[in-house]
Every structure is written in structure tokens, then in C-alpha cells.
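One chain, chain A, appears in both complexes that follow, with chain B as partner in the first and chain C in the second.
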Partner chain A sequence: MLLASPAMLFVFVVFVIPFFTFAVYSVLTSELFSIGPPVTLDSYRHAIESDSVRTLAYNAGLIGAIVAFVTVAAALPIAYWLRFCAGRWRLPVLFLITSTVIASYLVRIYAWRSVLGTHGLANSALESLGLIDHPLNFLLFNRFAVGIALVHIFLPYVVLLLYASFGPMPSALLECAQDLGAGAFRRWTRVIIPLMAPPLLSSWMLVFVLSAGDYVTPQLLGGTTGVMIGVEVQNQFKSVGDYASGAAISFLMLGAFALTYALLRLTMHFAKVPQRIEWSS
Partner chain B sequence: MTNYDQRVVAALEAQSITRRRLLKRGSVTALALTSIGPLLAACGSSSPKTSSASSGGEVGGNLDMLSWQGYNLTGTGKQWEKENGVTVKLTPIATQDDVQAKLKGGATGTDLITYYQGYARLYEELGILTELDPEQIPNLSGLMPFFGEDAKEFWKNPKGARIGVPWTWGAEGITYNTQTVKPAPTSFFDLLEPEFKGRVTFTDEPLAGYALACVMLKQDMGAMTPPQFEKATALITEMAGQTRGLAPSYGDVASRLASGDADVAWTGWTALDQFAAEAGNPNIKTIIPKEGGYAFSDAWAIPSGADNGATAYAWINQTLDPKWQASAAGELAGGVTVEKAIPLLSAESKALFPYDELPKFLEEQNFFMIPPTKSEKYVTFGQMLETWPEIRNNAGS
Partner chain C sequence: MTEERRRSIPTTIFVLIALVFLFLPLVIVVLFSFQSTGSVVFPFHGFSLRWYKTVFESEEFLEAVATSLKIAAIASLLTVVFGTAASYGISRSRFKLRWLVALLMVIPLSLPGLFIGASLLSFFDQTGVQLSTTTVLAGHLVYLLPFYIIIVRAAFDRADPLLEEAGADLGASPWRVFTRVLLPRVWPVIAGTACLMFALSLDEFVITFFVIGDEPTLPLFIWSRLRETVDPSINVISTLLLLTTLALGVVALLIGMRSARRRNPAIEGGPFADE
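So, the complex of A and B:
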């Protein structure tokens, strides 16, 4: 207990207190850059009734869910290959994957601008191949651009998570399945994915929450259709000075995330997916 | 050891505070501030509470500045910093709203800010501004009449006390790519034509959007009636429909123009020409359309809570030096506020504005005050800010 107290104090200061402060903010009354009594739930009511908030929340949910699915789907075969097939390439490839994390978040976003832009790499390549006459404008400033950048940003983290989860899985298990006549597709659908379900769903949830809450990428790549709810929270705090509304929207999103998590756990329960896998040595 | 360090050591010795006690006290205070600071910072009345900026102490140490990128004058001011033992620490802002968001959100220790002239009453109401001592800024006497006389009380409060020092200005017009936009637009209304669909961009900033809409509709942004506000909102919404999304900052506007992702900026700005050229596209030019431009002047101010007032005063005074003014105008692609700086301007800086007939030009420009924070007759600043997300989020839909 004594050993854990510094860490607990840290968590208390950087998590519990801001959380409590935000909760209090959300039920107070805001004026321009000030907040105080009376206590009211008006900010929640305004947020729920606002078409704009609903649109942005829908964008956040949709983009977050798709990004999380694509990221996990792309990371799974990479992690599998690293664990069972990479051999001497394992460390160099792991290094390459993790090295992309070193680049600044903003640099990676702007890199996608230069790839997907009107005169960017993608359009230039298609034009030089003679496949298009005019630049494709739909590549940038929309949900697709936000999605592709977010997948790029979160992919290395999920690869590492899944690689670590594959770690204790005995390769004999897959050899047994093969010996019993299971082809590659059957091994994936009947052995690997069911066994990896808990880390897959955890990874999905992690990427979903981080993507849906992002507010920088949508501003730089989102254009008119890819703006997400985080931008509105920032706007309430920074421009409008309505701290109560900003906090209320944040708590509503937190509620939505908690509900999504609860639904996932329920699905796992009814689908009889194990909550964790303990490998016997 | 700098003068500032010496002052800190002297203060510690005078109070017999040991390092251990200082750390202990500091950690307890930090914990307390982390816990309740933001809550207390946000809770409070919005009544005016302008205090006086302290000019005590010596010049030196850190000058914590909260302002636009480049306003720390890394080219012009380096030698002065060295000679005076000053380190200018800039926290850059993306929009003017960052200033009140940070200061009212609990940020402390800021010595110097800049404000767009229209924010004067708001910042007074929020208790951000302090009254300045003109005797500490002798170079104030060199201001051009437009800036010195201050007929609209942008830089003095209604009591006549100085609250800001206008040191640079600029004009917003239409910034466009001369290679892809032919013929050049001559009116803001040209950008609403179908040929510009998807080619326009503008900043995600209510102030600039409503100011330009008011220029187009010949309204006063500071005194908009509800019907006028509705017209302005409809116009901005229509303009937003011409974009592929709003840009989060002027830097991003320049980036979009330079890369060809946008051909024309409604919230154009003379400095964007330079920013885009630095980003590799020399074909970006700004023109003032026939409706006239929307002008801004940024003023230095010392916020309440500043802990290095002497250095802030020294910096403000120095930026009104004619040589500094001319050099800064080149560095920022802006205008000068000091008469004697005009002959010192480079040819490029002089070409930005009609300096030969500057008084007339400045009178014709629209230097707005933002809407009032409380009014029964006019639309308030809060209403304007609350409407903006609807415009942004529905752009192009």
C-alpha cells in the first residue's frame, strides 16, 4: 500500500480531480468564460437537443468504429506474421513499425495532406499513369482522409498489443489444427480469431475511443463532412467560453463509450467468448 | 546569472526560504492549484476589474508572451534580448480566442499579450487587461494620429486610461492563386459564383467570418440587429458551402493555398502571400476588393497577473522604435503604426499598403469592435460564438 501510494496520488491528481472538476462544471451555469451556480442540467439538455452536436457525435461514432475495425483487421495478420513467420526479420520489422510512432502526430497528419492533396502523391501517380485527367478532389477533406490518417496513427500500437497477445500462444496449437485437416481459412476462423477475441475486442475499443475523441485530425483533414465531436468540445471551451456545455458534451461521450464497452462485454458473454485466455505451459 | 535570477535569489535570501522548504511549499501549492485552480479560475464574476500594470523591478529574465507566431520578432529582437538579458518565451495562438481561453482557464505568469482592437471591451470585462502607465512607454508619442488619437477607444478605456499599444496592423482582402484564378476576383461576392465551388477556404474563426460578412453587407459588426445578424449568418453559410472545409488557422490557409488544395481565401491576408511563398508557391497574392477590406490592429497589453512588468514595458516601448517597426513590418508583412518608420520601410513592405495616402486608407478600412457581451438591442458576442459551430459543422452539407 505504501509503495503504491505515490502512483495512487498521481492518479488522484491527474485523473480523479480533473474528472470531478469536469463533473461539477457540467451541472453548473456558464456565462462567457465564467461558471458558477445555479446547479442545472440545462447543458445536457442543450447538447442532446442540438442537431449540430448529434451530427458530430454520429461522425465520431461512425469514423471511430470504422477506423477501429480497419486498424485491428490490418494489425492482426501483421502481428501473426511477426509471431509465427517472421524469423530473423522479426526485430527489424518491429523496429520499423514502432519507429513511425517517433514522428510527430502533426507531421503524420500533414504527410497525409501531401499524399492525398490536389497535387499530392496519389493524384500525381494516377495522372502520370494516365488513369485520370484531373486530380481527384474526394481524396482529401472528408471522412476518408480522417480515417486513413487515424488508421496510420494507431496501427503500430495495435500491432504491438496483438503481437504481445500472440506471444504465449503455442505454435503446436496451429500445427494440431493443420494435422486435423484445417486449412488456412479454417485455422483463422475456428482457432486463431476465437482465441484472440479478448485482445481483438480490447484493441478495437481502445482505437475506437481514441479515434472518436480526436479533434486535431478532423480539423486538418476532415473538411466539411469529417468534423467530429472533439472539435465541438474544444470550441465550447476555447471560443464560446461555455465550460458547462463543453463538460456536458464530454460526459455524454463518456457515457456513450461506457455503453459501447458494456455492449461489447455482453456480446462476449452471450457468444461464450472467454474473458481471458490462460495458456498452460 | 541574469538580473532576474539575481532578483529571485535576493528574494529567497530575504525570506530565509531554504530550497527544501521551497520545494515542500511548492509541491503543496502545486497540488492545491491542480486540484481547485481551474475551478476557481473559471468561477467568478464578469464585472470589470481593470487594475494597473506594475512597472516595478528591472528589465531582464523571461518575458512570457501569449500571441501570434512571429510576434516575438526573432529576427528584429534577438540583439535587444541579448543586451538586456531577456528571453522572450512565446506561446503561440491560433486565434485571438486562445488568449481569453488560456488566461481565463487558469494560465498564470503571462507578461504580455496582444489583442485585436475589437476585443478591448470584452477583455476589460473579463478582467484580462490592466491600465498601462504611458510614462513607461515614451515611444508612444511617435504613433500616427489614427492610432494615437484612438477615436473609437480601442486602446484606451472609456475613462481615458491606456490599456493597449497598437504596434502593427494589416488588412484582410482576398488572397488567391494568380495562376489558377483568372481573371482576378474584384469583389467578395465573386467567390459565391459556381466556378469557385470547392475552391474557397477561410479560417474557422467567427470574428473574421462575421467581420467580412459585415463588410460585404455594409453593416457594423459591433452593432448588429437580429435581422442583420441573420443576413450575415446566411451569407457566411453560403460562403462555407463554397469550401471543402474551414481551415483551423491562417497558417493552414497559407498551406492550402500553397499546395493547391484551395485556390482562393475569403479571409485573405497580406501576410499569406509571404507565408505561401515560403511554402514554395510564389503565385499567391492578396487584393483588397471593391467593398474594401476588413482591417485589424494588434495591440500589446499587459495582462493581470504579469510578473515581469518592467520587461513587458521595455519590450512594448522598443517595438515602437522606428527601426524596429520597419524591420518588424518586413518580418511579419504588416503595417507600421509609427510615422517615422515609413521612410525606413523596405520596398516590399512599402508596396503592401498605400503609405502615400495612409490616413485616408485607414479611415476607409473597417476597424470593428466586436459585438457587446450584453445587449437587448444588438446581437451579443456570445450569440455570435454560439452560432458559429452550426455554420462550420454544416459547411458544404
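So, the complex of A and C:
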């Protein structure tokens, strides 16, 4: 255990202590790039009362929830295919998907500009197919563009997470369902989705927190309507210099995440969804 | 037990669409880095390396590359040294507060980088630390160390401690046991994860943005260029960053697969095989 102490000490000094400093900052009084007493809850009050903060928080919650749902819904059939249908294609496809996990985050966001822009791929393709006469301007710089880029970022992670959860599920289970007369639809709704509920919900939560807390994508692709709350925190810290407000908004976000998590767990409890399913061989 | 392969045409089509969705935007970025005119949109005007030339002649770009490589090298080296020690310590100890240590390792990974960046900035502000490449390095380590420890600790946990006890009984010093008995079994995981750490540090933006001094890293350089103009030089830099991170990821994956196959030749599918 002694061997672990340098790393632990480091994480303590550079994560735990800063996090407490951050918490303390949220109840102090801030002046242009400096901060000090008196202790006050004013920053929290201002943040809650501010219309713009509310709008941005709403955007983050909405985009985060939808992105998380779409990501998980898209990842499930891919993970299923990898586990049960892929055969000799499993390794190459898994390899391709895993390699996109590491592909540069910033570049992947930027890439969507070339796809959704006025003269981007989507518009050029639609025009050459004769489906539209003029480029569609509403594809980029809004919530939709932010959402699609976030799905693009998180999809490979969730595919890997769900694929790992599919691992121990025996294929015989699906054959039994089939032999008992369940069609594809019922196999999905009555067998696969209920058995995968714990990892599906935890993946949803993970993607929700990470995408609702993102501040880069909304800035590059969000225009004026797709801005999210993270951008406000970043602005308060790096441009406005109101550290107390930035910290207060951050802790309100963390509170909202904790509340979402609690609600999810409560729902799981009442819907009798186990926290995890133990497979025995 | 061999399982029969199931067939589902709609799912197969869906997987193909997903692969196109994942790769097409990246392919387009790379394609337009070869654009011969100054625009990054269709139509594509044919292959030219002129933007590559422009980029490589830019002082600022070369400085950003140097800064990024320096930080990534130091960050991954420190992560390997302290992370390996920590993984070994956690894996082999009977310490009661192991859960606390494990929790401390998971929290930085499940929080959006925004919070880590903002906490660090508050901390550096409070303690009067000047923002520089050192603060960026600290920010990267907060994120890399837990990541590294989670992967490498799992590899240590899989390696049977009985062999180490045998080594110790035969009179080997703890250091010799570690280097001669344990390390030969886990080094591929360490090497692969080290590549991954290098790539993650090279690409880190979210935390770096908060704690950067006046020397930009490569992602920060792309960011500032994006706010000024958009021309194919951004695609060139993006392509270089993209291909570097992809290459490091592939190397890490290949090392991992080789080691998994050697550990158990029956495993056909490498580290992700299910049975």
C-alpha cells in the first residue's frame, strides 16, 4: 500500500483539495478575477434567479437527456450484433469501433462543421440528388448539431460498455424465446431489453452527465440557440472573471446530476430493476 | 461451447450505417486537408499539399507541437512510474480502506472535465501558482493517473500472486520479484496503456483550457485557429492530430490483443472475447 501513496497523495493534492477550494469559492464574493470574503450565498441566488442561466440549464438538460437516449438506443443493436451475429466480422468491427474512441475529441466536433455546414456534405449530397434547390441553413449552429456531435463522441464508448454486458448472456436464452414462439419484436422487448436494463440505465446516466457537462461542442456547433450551461461556467472563469458565480453554477449542476441519479435509482427500485444481473454458468 | 451465429439483416444494416456515421466525418476532415483552394467545403478541388506546407512553415504550429509532445511525454512517463507503483500497491495489499482509494480513482473519471478544470483553476488562483505548462501537466495527471491505475490494476489482479510468493520463498528480493516474476507477465498491458496515456494527453482539451499559461498545446492551437478563420490548414492540423491519436490507439489495441492471445491461446477474439 505504501507504493500507492505517492499517486494517492498527488490525486489528493491536485484533485481533492482543489475541489474543496472550488466549493469554498462558490460561497465567497467575487470581483474581477479575484475573490475573497464575505461568505455569502449570493452567487447561488443570482444563478437561480437568472433567466439566461435557466435557459442554458434547460438546454443542457434537454440535449443531455436526448443525446444519452439516442446513444444508448443506437449502441444496443450494435452491441447485440457484435455479441450474437458478428461471427468472423466481430474482431474487425470491434477494432474499428474501439479505434474511434481514441480519435481526437476536438477534431470530431470540428468534423461536423464540414458535414452540416451550408456547403457541407449533407447539403451537397441533397443538392446533387436534386432533393433541394438551396442549401439548408438550419443544419448547423443549433441544438441538433450539438446533439449529433455528442452522439458521435459517446456512441463508441457505450457500444463497448454494452458489449461487455452482453458477454455473459447465453445465446440459448434467445433460442428458447424463439422456440417458444416469440418473434423478433417480443425477443427484444421481453427478453433482451429487460435483461440489459441495468447497463442500459447506467450508460444513459453516464452519457447524460458527460454530455450535459460539455462546454466545447455547444461553443463550436451550438450557434446562439444550442448554448449549454457549461459554456457559462467557462465564461465566468475565463472571460468574466467572476469565479464565485462560475463555481456556484457548477455546484448547482452537480446537484442536478446527483438528483437525476437519485431519481433514476428510485425508479429502478420501484420498477424492480436489479442493480446488476448475476449470470451463472 | 460453441454458439450458433444468429442472423439479423436489419441489425447488420444498422451496424453498417453506424460505421459510416462514425467514420465519414473523419474522412471528410482528412479529405479537405488536401484541398487545393482555400475553402473547406464542397466541391473538392483536387489533391494538393500546399496547406501541409503552410502548416509546417508556421512557427506557432511547431511550437504548439513541441509543447504538446513535451507535456505528453512527461505526463505518460510520470503516470507509468507512479501509476504502476500504485496499481501494484493496491492490487497486493489487504488494506482496509481500499474502497476509499478505489472511489478516489473513479470520481475524476466520471466527472465532466469542466469541473476538474475549474477546481484546478480555483486552486491555482488561491495558492498563487502561475499558469504554465506545469499546471497543464498537473491537470493531465489528475485525469491520466486514475485511468491508468484502473486498467493496470486489473492486469495485476489477474496475475496469480502465488508465483510471486514462490519467487520470494526462493530468496528473491521484492524488487527482483517485481521485475523478474510479475513484470514479464504484465508489461504488454503497461506498454499499451502507456501509448493510450500519451494519446489522451496529446488530445486533452477540456481541462487544459482552464489551466493553460501562455504556451498553447496543439488542441488549444486548433481552438484559437477555429475562432479566427476556417481554411484547410485547420484540417491539416486536425488530420495530423487525428492520425496520431488513432495510430497510438491502434498500437495500444494490438499490444493488448497479442498479450491476451499469449495468455490464453484458446481466446480467439483477443481482449474482448466473451468466453
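Annotations
One rule holds for everything that comes next: the second predicted complex is superposed on the first by the 267 of 281 C-alpha atoms of A that agree within 3 Å, B and C clash if a C-alpha of one lies under 4 Å from a C-alpha of the other, contacts with A are read in each partner's own complex, and residues count from 1 in each chain.
Everything that follows uses one rule, which is that contacts are C-beta pairs under 8 Å (C-beta built on N, C-alpha and C of every residue); 3 or more make two chains touch, one makes a residue touch a chain.
Predicted model, so just to flag it, every value in this text is computed and none were measured.
Partners chain B and chain C, once the complexes are superposed on chain A, run into each other and clash. Within the superposed three-chain model, A:55 lies in touch with chain B and out of touch with chain C [touch as defined at top]. Once the two complexes are overlaid on the shared chain, A:36 sits against chain B while remaining clear of chain C. Judged by the touch definition given at the top, the superposed model places A:4 against chain C, while chain B stays out of reach. By the touch criterion defined above, A:119 lies against chain B and chain C together after alignment on the C-alpha atoms of chain A. In the superposition on chain A, contact of A:141 is made with chain B only, not with chain C. Look at A:220: by the touch rule set out above, it reaches both chain B and chain C. When both complexes are overlaid on chain A, the residue A:25 reaches chain B and chain C alike.
Of the two partners chain B and chain C, it is C that touches the larger number of chain A residues. The superposed model built on chain A shows that, among 167-175, 221-229, 239-247 or 257-265, the segment of chain C colliding with chain B is 221-229.
Overlap of the chain B and chain C interfaces on chain A: residues 14, 17-18, 21, 25, 35, 110, 113-114, 117-120, 220, 237-238, 243. For chain B in complex with chain A, the touching residues are 31, 34-35, 38-39, 42-46, 95, 97-98, 100-101, 104-105, 122, 125-126, 198, 204, 206, 240, 243-245, 248, 252, 255, 259-261, 373, 381-382, 385-386, 388-390, 392-397. Those residues of chain A lying in contact with chain C across their complex are 1-8, 10-12, 14-19, 21-22, 25, 35, 74, 77-78, 80-87, 90-91, 93-108, 110-115, 117-121, 123-124, 152, 155-156, 163-164, 166-168, 170-172, 174-175, 184, 206, 209-210, 212-216, 220, 230, 233-234, 237-238, 243, 246-247, 250, 254. Partner chain B is touched in their complex by these residues of chain A: 13-14, 17-18, 21, 24-25, 31-36, 51-52, 55-56, 110, 113-114, 117-120, 137, 140-142, 219-220, 222-227, 232, 235, 237-243.
Residues of chain C that touch chain A in their complex: 3-8, 11-12, 14-15, 18-19, 21-26, 28-29, 32, 39-43, 82-83, 85-90, 93, 95, 101, 104-105, 107-108, 110-116, 118-123, 125-126, 138-139, 141-142, 145-146, 149, 196, 199-200, 203, 205-206, 209-210, 219, 222-223, 226, 230, 234, 238, 241-242, 245-246, 248-250, 252-253, 269-270, 272, 274.
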